[in-house]
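We call the chains A, B, C and D, going by the order they appear; numbering starts again at 1 in every chain.
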Amino acid sequence: MAHYIGRNREARQTYGFDDVALVPGSLTIDPEDTDTSMDLGGIKLKIPFLASAMDGVVNVDFAVAMNKLGGLAVLNLDGINSRYENPQEAVEKLVNCKPEESTEIFQKIYKEPIKPHLIAKRVEEIKKHKVPCAVSCIPQNAGKFGPIARDAGADIFFVQSTVISVRYESSKQKSLDLYKFVKEMKIPVVLGNCVTYRASLELIETGAAGLLIGVGPGAACTSRGVLGIGVPQVSATVDCAAARDVYFKKTGRYVPIITDGGMITGGDVCKAIASGSDAVMIGSPFAKAKEAPGRGYHWGMATPHANLPRGTRVHVGTTGSIEEILFGPARTDDGTQNLVGALKTSMGALGAHNIKEMQMVPIIIAPSIKTEGKLLQKAQVVGMGKQK
Amino acid sequence: MAHYIGRNREARQTYGFDDVALVPGSLTIDPEDTDTSMDLGGIKLKIPFLASAMDGVVNVDFAVAMNKLGGLAVLNLDGINSRYENPQEAVEKLVNCKPEESTEIFQKIYKEPIKPHLIAKRVEEIKKHKVPCAVSCIPQNAGKFGPIARDAGADIFFVQSTVISVRYESSKQKSLDLYKFVKEMKIPVVLGNCVTYRASLELIETGAAGLLIGVGPGAACTSRGVLGIGVPQVSATVDCAAARDVYFKKTGRYVPIITDGGMITGGDVCKAIASGSDAVMIGSPFAKAKEAPGRGYHWGMATPHANLPRGTRVHVGTTGSIEEILFGPARTDDGTQNLVGALKTSMGALGAHNIKEMQMVPIIIAPSIKTEGKLLQKAQVVGMGKQK
Amino acid sequence: MAHYIGRNREARQTYGFDDVALVPGSLTIDPEDTDTSMDLGGIKLKIPFLASAMDGVVNVDFAVAMNKLGGLAVLNLDGINSRYENPQEAVEKLVNCKPEESTEIFQKIYKEPIKPHLIAKRVEEIKKHKVPCAVSCIPQNAGKFGPIARDAGADIFFVQSTVISVRYESSKQKSLDLYKFVKEMKIPVVLGNCVTYRASLELIETGAAGLLIGVGPGAACTSRGVLGIGVPQVSATVDCAAARDVYFKKTGRYVPIITDGGMITGGDVCKAIASGSDAVMIGSPFAKAKEAPGRGYHWGMATPHANLPRGTRVHVGTTGSIEEILFGPARTDDGTQNLVGALKTSMGALGAHNIKEMQMVPIIIAPSIKTEGKLLQKAQVVGMGKQK
Amino acid sequence: MAHYIGRNREARQTYGFDDVALVPGSLTIDPEDTDTSMDLGGIKLKIPFLASAMDGVVNVDFAVAMNKLGGLAVLNLDGINSRYENPQEAVEKLVNCKPEESTEIFQKIYKEPIKPHLIAKRVEEIKKHKVPCAVSCIPQNAGKFGPIARDAGADIFFVQSTVISVRYESSKQKSLDLYKFVKEMKIPVVLGNCVTYRASLELIETGAAGLLIGVGPGAACTSRGVLGIGVPQVSATVDCAAARDVYFKKTGRYVPIITDGGMITGGDVCKAIASGSDAVMIGSPFAKAKEAPGRGYHWGMATPHANLPRGTRVHVGTTGSIEEILFGPARTDDGTQNLVGALKTSMGALGAHNIKEMQMVPIIIAPSIKTEGKLLQKAQVVGMGKQK
């Protein structure tokens, strides 16, 4: 519904996870009979969970462990893993530095140049374990890093920026031609992030194998605070899912969308899929895994930005293994563990046999007033920007 | 009113207790002249209050005391009372264990198998005092426990699950045929929980004597957080009351609905009935009674869940007798005591002679911004899930 | 605008002071040129401020001081002033008792019977100073106390109950015939409290000289919490003002309405009048006056209720004289002092020459998110119920 | 959309910065290619930032430094700079006094009469550095101070009051004829503050060179609390921008509007311009500059008010130079530094080449729930009133 925010100026009301809830109906299903699998560019994922391309979350070991479990961890090619032979050594410096010197140390650590041979090395290290390999970089680096990763054996490539669009204007640098890049990469390419019907339709038309949905998703997000930009994830996901569905009707090609950011609990994950998403990408919950390189810390790729740093190093603690976080048993009752169990239980109670049915369960508007503690927790998680 | 949460996707706005208020009009009545009685499956209740089937709230003694006062306490047949000869001994272990070991101890205590002969014994212990006897179990146990309880003399049987529906699919277990069960039980059967017009209509059509309304009712509820599922109680009650009324018009059979969960204060109880409910089921206020077995503690049936535990043992303290909680005098001014007095005072101020008139008083939307303390208190109460 | 809160059930959205703001336009006026006077039953008030009939706020001395300043303090005839020869002695006991014994002591102090000769005495004490004398009691006492007060010289009589209505049903006590009472009193009678168009129209038709508007006004109000009853003051005032205006058009008799309760700041007072009120009745701000008998404490008339006590003794402190609270200079910047100065400054900025123009300034919906501290302060003030 | 707040009374819903967000689309631009310049009365500003005419923020040195950087600082002619030969001496007294004596000392310091020769002196001190000179006073002083400032070389004159209107009524003082004043000043005159379409159209028609938009902008603003008056800035800006555009279509004269007040972060600045503003006026962020005379403190012109003081001295600390605050590098991630960088980054992500395109980017309604800390910070900033 459009509202007037002033004379002759309309604005739509948009909705985030905390604004909605899912409604059980006349059919319930045994959770064990629900099917959570999905297909991303030909890679069959048993569970619709992707781990964010953040240096505190995904390294080679994490990717191997996660992908064996049926999800997909994405390794960041712009970060520490392609700058240092021994990335864990660099991570330790970031994790152990004092708060007052952290900005300086972050900027220093990330000044080390990226080494192309390390890109190939990381891909090979993952592929050695016979699991799918997913890697990611920003548009400015894609033309160079993409072919290296592909030739080393990567199965799928992510090009990610705070906001990506088919049309990019710059008087100084040549912009990446997404049509050409997708075509020449030959392996599937996922593009992100976007939030509108039109932008996602244009991105799908490049031949992309998937889209990441989410810009400034949270009410307390850094992008919202610093740039004023952001769309709550329920509305963003519904809109981009509509683009996916329209394109599918026209062409028969189904391009999955992945809601990325703003989710804390199993409930948030369920709502993202109920809003039309095919999978979710999350960082913070996995930063708590004992396999995560950050050992209980994580940070966004905008943290070391030289001129406009956004987000800080956040301590989330270590609470269990990836397997426990995904499949339980949960040790807490706050919805942050056994995420797959929560999704399957929710699907059962909602009568959804699979992800595609879950995308169509009824949603109501039912605001939840967050206590300050919950809000702050959320703020930390969604405040992790991406480097542009 | 339906809103668009995104392209081609509508969602209704829903309302909970904190979103509404009741409006006094042109007639007022002496509170002592108001009639709060209702009929549930042939059992005449003087006051429309049911006590939740929770192990910290209802045991045999509590049920006898409460039912003598004109309300109806429901004994849980899936819990401690049918697992242990001496249930209070088990309760003491739960109540006295340290927080860090509570999950383990809860899981252990609830691993003890249920003994059918104890089901019969508990029913007989209640019936010995010439009061109505109400017992409850989950759908999976109903086929077995129902006949035992009935044959032992139970007057009314509750089948309760987080979400109940006429249609349940499972590849492993045979689902309970609700039509057949209700018919063969012969004593009245109450089914719950449900939240939608259609689901409640289908449940009423099984021949049920009553319905429990409420799934994930609270803004801070565990079901909302973990599963994303929930409907605020005002809207859920209004919708299910409409199903009851339509069925009554068609058939002449009046099937009362009972709002279950999310209520803390007398004001919440008044709003539940004003939304169309015939009675309320509450747990937390009664856990504070000196007759409650939990001695100031209570917990939900999902607390000991092996893989996805929800809710924890909550300390609410002991504030008075059941009689004081129901009929006063209130020792606090927060609306949690003298609940019947509050209901009658409200009915008087609103000019409602009886429950059926109270179901039709005017409601307005008048959000109350809760302070954090109140929110947290509410969170504790509504965070008590039910075992599925 | 009506919304559906569920199937076939509509509810209007209502608004309180924190939900709205006033909009300056194309004309501004020198605040000193604004006229705040109003007429209540023939009594000309220079400022549209009434002090609530609460024992911690108004005694004889307070009434004399306030009424000299051009406002109108109302003395409660159901309280301490008509129970004790030396009321201040009783007040001291209430003010000095320990919190844990306060309910008991309140109930004891208010058990002392009312002495009719003290009613006359208090009225005469006020009239001795040649100021208007306003007194108040509940409907049950009005038939007896009214004539005594009138014969002793009272100028105006208030009949006040949480909710008043022309029609009251009781099997035990004879209800007050408001038509007859108003007619036989001969001095002007103000009736309250009410909140709807129809109820206020019916009350006006009794011949009342004014109405008090407000039932459970605040989001954190006791009536809201305990009884579920309440209407936010902006909507209540707009509705009752419409009844006043319709009656005036039909009959030519103008019956002023007085918004009572829920106001903390000068801004709230301005919004009450902008919503259509002719005057405001406030308690808490005056409890802070050094002339107030409660010496920084105040309490509602439901605090000593035997069975359902509502509200407690609240400490607000002493901040200045009545004159400073009304006319400044303000010593704080929170809007609780120099209330008349704030009203005149607001009227000037809004281009309203007098109260009747102020009743028509533009209002917008512009929610203010309160910090918890402010909320709690508000909760204390509006939590003061009235004895029914 | 208009809503009924009660019988026959409509009110529009209005929106502030925290209620909305900006939506990226199908085009992105290199931030360095965006153009933030604007023209105010013939003065070309490279960046659309004005510094508020507050004594803790702008003195001669600050104005010189800021205006060299391409923005415009406005010197207050009603304050310390025109009352004292050595204004910094007076500022030191305000900054160093104890909280409990601050009201008294503020009132004393501001009792010192204004010296016309100091007005000329300050203007000349600024002009000596070959930068634009902007000065400000209240309407009551404009007739006298305007010509002095102009003759001393001021380039642009601001007439500012809490609410300004073409029509002002006073029985005691002659009101300023804005038409005549603007015409006779010959240098450009900016008028403020206003918030409605009609008021701004009338002010533009006086020949004004610009308007300041904003009255009681914040949810926690002093004007809101004390006077009940205020319009959230997004709606106020949209409405006044419509007046500007209608006038431009009719006459071909483009009169820029400047959103003044209620902004804390770069995100707020971006939203103000996206709402249709040509520039922003801010105080608090610049009070943190090491060039600010208040050395980390600031206060509004209503703070020393004799009878109705509003706002207090606020400590914001000193965080960097004006250049760092405007152009970075940011040392914090809360959006309060590198404001120009944030604006350009936002414009790039939104595909806006210049301010006029930025005025038309899509806005959505996407409420952000503020934590209490953020709210309080905001309260301090927007609580700074202006002297009337």
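A few points about this structure:
By our rule, a contact is a pair of C-beta atoms (placed from the backbone, for glycine too) under 8 Å apart; a residue touches a chain by one contact, two chains touch by 3 or more.
None of the values given here were measured: they were computed from a predicted structure.
The chains that touch both chain A and chain C are B, D. Least step count on the touch graph, chain B to chain D: 2.
Where chain C touches chain D, the two copies mostly use different residue numbers: shared numbers make up under half of all numbers in play. Chain centres were defined as the mean of their Cα atoms; on that basis the chain farthest from chain D turns out to be B.
Per the C-alpha superposition, chain A sits rotated 90 degrees relative to chain B, a value rounded to a multiple of 5.
With each centre defined as the average position of its C-alpha atoms, the distance from chain A to chain D rounds to 40 Å. Those residues of chain A in touch with two or more other chains are numbered 12-14, 235, 372. Pairs of chains that satisfy the touch definition comprise A-B, A-D, B-C, C-D.
Those residues of chain A that touch chain B in the shared complex are 1, 12-15, 17, 20-30, 32-33, 197, 234-239, 241-242, 265-271, 274-276, 328-331, 333-335, 338, 341-342, 345-346, 349-351, 362-369, 371-372.
Residues 3-9, 11-14, 16, 18, 103, 162-173, 194-196, 198-199, 202, 215-216, 219-220, 222, 224-232, 235, 306-312, 369-370, 372, 375-376, 379, 383, 388 of chain D are the ones touching chain C in the complex.
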